[in-house]
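Labels for the chains are A, B, C and D, by order of writing; each one numbers its residues from 1.
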Amino acid sequence: MQFSSDNAESWAPEVLEALAKAAEGPLPSYGDDPLTEEVGQRFNHIFEKDVTVFLVATGTAANSLAFASLCPPYGAIFAHEAAHVMVDECGAPEFFTGGAKMVALPGDAGKIAPDTLTHALSHFFEGFVHHSQPHVLSLTQATESGTVYSPEEVAVLAKIAHGRGMAVHMDGARFANALVHLGCSPAEATWKAGVDVMSFGATKNGCLAAEAVVFFNPDGAASFPYLRKRAGHLFSKHRVLAAQMLAYLEEDRWLKLAAHANAMAARLGGELAGIEGVRLWYPVQANEVFPSFPGEVAAQLMGEGAAFHPWIVPGDPAQGQMCRLVTSFKTKDEDVDAFLTATRRLCGA
Amino acid sequence: MQFSSDNAESWAPEVLEALAKAAEGPLPSYGDDPLTEEVGQRFNHIFEKDVTVFLVATGTAANSLAFASLCPPYGAIFAHEAAHVMVDECGAPEFFTGGAKMVALPGDAGKIAPDTLTHALSHFFEGFVHHSQPHVLSLTQATESGTVYSPEEVAVLAKIAHGRGMAVHMDGARFANALVHLGCSPAEATWKAGVDVMSFGATKNGCLAAEAVVFFNPDGAASFPYLRKRAGHLFSKHRVLAAQMLAYLEEDRWLKLAAHANAMAARLGGELAGIEGVRLWYPVQANEVFPSFPGEVAAQLMGEGAAFHPWIVPGDPAQGQMCRLVTSFKTKDEDVDAFLTATRRLCGA
Amino acid sequence: MQFSSDNAESWAPEVLEALAKAAEGPLPSYGDDPLTEEVGQRFNHIFEKDVTVFLVATGTAANSLAFASLCPPYGAIFAHEAAHVMVDECGAPEFFTGGAKMVALPGDAGKIAPDTLTHALSHFFEGFVHHSQPHVLSLTQATESGTVYSPEEVAVLAKIAHGRGMAVHMDGARFANALVHLGCSPAEATWKAGVDVMSFGATKNGCLAAEAVVFFNPDGAASFPYLRKRAGHLFSKHRVLAAQMLAYLEEDRWLKLAAHANAMAARLGGELAGIEGVRLWYPVQANEVFPSFPGEVAAQLMGEGAAFHPWIVPGDPAQGQMCRLVTSFKTKDEDVDAFLTATRRLCGA
Amino acid sequence: MQFSSDNAESWAPEVLEALAKAAEGPLPSYGDDPLTEEVGQRFNHIFEKDVTVFLVATGTAANSLAFASLCPPYGAIFAHEAAHVMVDECGAPEFFTGGAKMVALPGDAGKIAPDTLTHALSHFFEGFVHHSQPHVLSLTQATESGTVYSPEEVAVLAKIAHGRGMAVHMDGARFANALVHLGCSPAEATWKAGVDVMSFGATKNGCLAAEAVVFFNPDGAASFPYLRKRAGHLFSKHRVLAAQMLAYLEEDRWLKLAAHANAMAARLGGELAGIEGVRLWYPVQANEVFPSFPGEVAAQLMGEGAAFHPWIVPGDPAQGQMCRLVTSFKTKDEDVDAFLTATRRLCGA
């Protein structure tokens, strides 16, 4: 009953096989290899647009390097108060940007509402040297509450941001899960809705350690190669990242893996919601479920071997009662069954 | 009718006279001069304790250098959402600390409530590498709303902070005004209540450009001299700062100047509160008054030559109707009279 | 004839096999897994001492995070003018440390001479706020010139550094190659000679992407976990790094792989030195050979498919004629033979 | 016999008088005042060009903020190895730029030779992500050795720098002294020779604490206001800086003050050079003299009350025997006489 995190699982076998295949022969280092070249073409195809792509090994690196490319030290970056970039990266955005200001926005179910953004921006006067200047809006897709912005919702927020001259970043650590939920094209979910750059996650959904930073507007990418190198995020054996990403993307593997995780979460959430005493705090739209359990049930479930976390975040509506269950590309049907059975029993249902 | 800012006035004549006197003869540069030595002794006397003092020219430098001394790059600094360090220094704290996280706390009338601090801290897990680690609590005294923390209020907050191993910083840009209101000793208002380091403002209250950073615990001060130098804040002709500060402190000048400013604000606020249609949003405890005026009265007052600002801050209860009037050591009785007369007339009172 | 870099080769098959084995089952993320635990024990054993170990994916990250742990922003780091940390990391040390000063020292054959260090330190006055304060000496082992410091040489330099209160860092990107040359124990080559922290390279010598930072004195390591996280270098699926490192270390694999590389370099260098017109600029002690070739021979060799680089570094004694050939754990005997045959032919020998 | 530093003296009486005059009436803060406006016009006139000017209080701030405006974190700044920005600012350039690389160039008498710059640049490959990218050349005028670049020398260096896309910065902490020596126009000494931005010093030559950063090309100045504010270098009572600078510039005061200092140095150096056993290490072109004295004479002079410093810098040709004597706008004829008389006596001349 493993629902602690999508990071607790390992990786898809095809990804490791791709590394085995990539081991043959010497190749130019630092990204001047044909595998990396192919990654670029694959992303062009997926996004129906010539994009500029960089690979790194972690999501924190992807997000922070994107910010550093887009935001001067005197800039401000706006994100949801529960966003990973806000609370779970030990100040990485501040570090990479040379001290940009992170502005935390409240919002139901992990999402930023347009009025909230507009109101927050009104406190940052344009050209007023005393105020950090708004440069980036970062949207998490899927959100930290397991919800998903529609392309229309993204477009409204992006329009506000662009109206202030800000770039729009999407933290897509769980982008595949969001996309499966949306059922639209990658282009529709991103640049067609106004996203300028995204962190395209792969680690959580089947890779060992691989993320892409995708610039839909190449102008913003000029400094990225230097920033990546000086942050220690340029792999010498760059094929290690490229081979993973290619295997992740080929034959729609990324979407199939995410579809499985989402299906598991949907079933888990759907059935939990029907159990007396259990409450779901957010709609289940990706691969995360946020229930609260009556009495001692959460502790009892853990005692029976269920792995998941009590969850507390800024803006938490559940005041410390909420738990987080994450499904993954590897989640087994029988684990979901076992968890539901145990919950029903413990809840006296 | 000058109420735009205490920065809009110049300086006390005695301060300039001290600079004239300090011009005689060569002196060692960079602070190895007898005037600077005397500043240290003066502060020891004022605070009834051996303190470590550094002089700089601006409040932003004082605050940020204090933070950089106390907080590692992976640390978090907690302050009121409307605090100068949070919204009016263009990200200086993030810059000086190498990217520490600024955590904005809401709170009525510019003050942080103990529960708010406790709750915010509960989201930052101790030793959890994903979270910036709480290192500093910064309290503004007097607050940005012109209110004043009592020593008891400071002590409660300091106890919470110390309980988490945090240092307590006081941004005393208007400390003299606060102290006059409190009527207690400087020691009672600071280190006896748990303050570890303070920015002791002098510029707003009669100097040209001089602030002191006072460490009540010398341990935290070890890196300050280097940080100040590399930030360009060590004056070569250091007597320029020292002479100002000596003149500011001698014969209780700092308190007398602040007492005048406070008295002007008290009269202004007291009478405004009695005018039909005018509302004061915060109690007047230092040298700032935050009224709202009915209809077009604010604009009409400006049209008649009154200098003050419409005021909007995070957590603003007045939703954009509020104005800020600041009195200073130079505010004239007749300006207060004129303003009150005009307001009464325009309000039809 | 692949001699361009040890980064151009892939990895040892046993390392990939270890990743395949590590894929089984969920494991705690972020390093709380048994494989990571085992890495720590393995390093304790190798170094005959309880050490504190952190894993990252790149050498630049290892070096820079070590520096950031040891050196405040107002510190100075001394290294050879041709050191990787000085010239090949796009300013990573300056970035990670928040702007420490990198002081470049000249020195024959990639090594720093004791007098050079002493002389350089004499320009940095202790406690003088105008000078960045010496905090770290970084030694590259093997050096960028393919030479190796003896433990005695390290000890002399370390004594000077410790005498100024500095920590000694060893950039061991090619530590295995150095150790094979020295024939002493890992402990003798490092902490017994005065090294306080090292970057223990594995990527160049058989891993996909894995480096260890080893603190011989745990005091210096306290901030490392936070610095690593906020730099985006903490892997969520941390077993990816741990499994590689375990496979690299087990059965002395790291030393065997390096021994092969060194043997190839020794043969290559030894025979090149005997060819009329070829000159070796540095003794061949690890896995790098720095020859110059007469006339057009270097270009002709490249034309015949030999992969290597013309080499220019600060302090280059060869004024632009020098080439760098690197052997690796994968270098084939027949490549060495082919290169030597071609060189002899082209040199008319 | 005060020759320790031009920082040891106070300020010109006219500068303080200007502050007294500037005290009248309230003025807009943060630089929106008429005095600051007038400073801009004055600089336009002096440089025969529309320039963009910012005022700060210290030379370190001026230099570092200029660098931060011109150089990204992955950039490199080239300066003489003895330059103030290189060795006397405790790493301020690295701090303000977010970790740019400072590249130290050797050179006789404090000057960089064109070949030295060209050679150093050849080690930084354009577009090569492993190398910090050259962005700024900083020239000190007058140099740290008291020598002065001719406009022709500046032009040759600037052409090399511009050829690599670098900006040219001039550290003019002693620009007035240099200009008096050159006898050319301010424009000829700066932008007509290729200087893009300069630190225009005033503190050492008669102000209390005032420096200007002058952008000859306004493009580079866009981020300066934000960088200055977040570094704590924007004065609230900005007239404090503006009034000083106006008094400094009016009636050619800056040039008259420097002419006096230079004349004193010329006489001091000229006569010292004629004393048996005394050696001057650099030509005396501004207000500094670098003699060495035979035997115990230096110590004896200090014993008799002469204030000056033994001097050691990187590239010091005198190996620790050199002394530095600085004259200023306040140096008295009788002090020069007394020093010369004592030296002659002690040297047995």
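Keep this in mind: a residue touches a chain if its C-beta (ideal position, glycine included) is under 8 Å from a C-beta of that chain, and two chains touch if they have at least 3 such contacts.
Just so we're clear, the structure is a prediction, and the values are computed from it rather than from any experiment.
Each of A-B and A-C has its own count of C-beta contacts, and the greater count is at A-C. The distance from the centre of subunit A to the centre of subunit B, with each centre set as the mean of the Cα atoms, comes to 41 Å. Our note on geometry: subunit B versus subunit C, Cα centroid distance of 50 Å, whole angstroms.
Centres computed as Cα averages put subunit A at a distance of 35 Å from subunit C.
Along subunit A, residues 30, 73-74, 89-91, 95-96, 98-99, 129-130, 132, 226, 229-230, 234 each make contact with two or more other chains. Arrangement of the chains shown, judged by which pairs touch: all-to-all, with no pair of chains left without contact.
Touching subunit A in their complex are the following residues of subunit B: 73-76, 87-91, 94-102, 104, 122-123, 129-132, 312-314. Partner subunit B is touched in their complex by these residues of subunit C: 30, 72-74, 98-99, 129-130, 132-133, 223, 225-230, 234.
Contacts from subunit D toward subunit B in the complex involve residues 2, 4-5, 7-11, 13, 16, 19-20, 22-30, 56-62, 64-65, 89-92, 95-96, 203-204, 208-209, 226, 229-237, 239-240, 307, 330.
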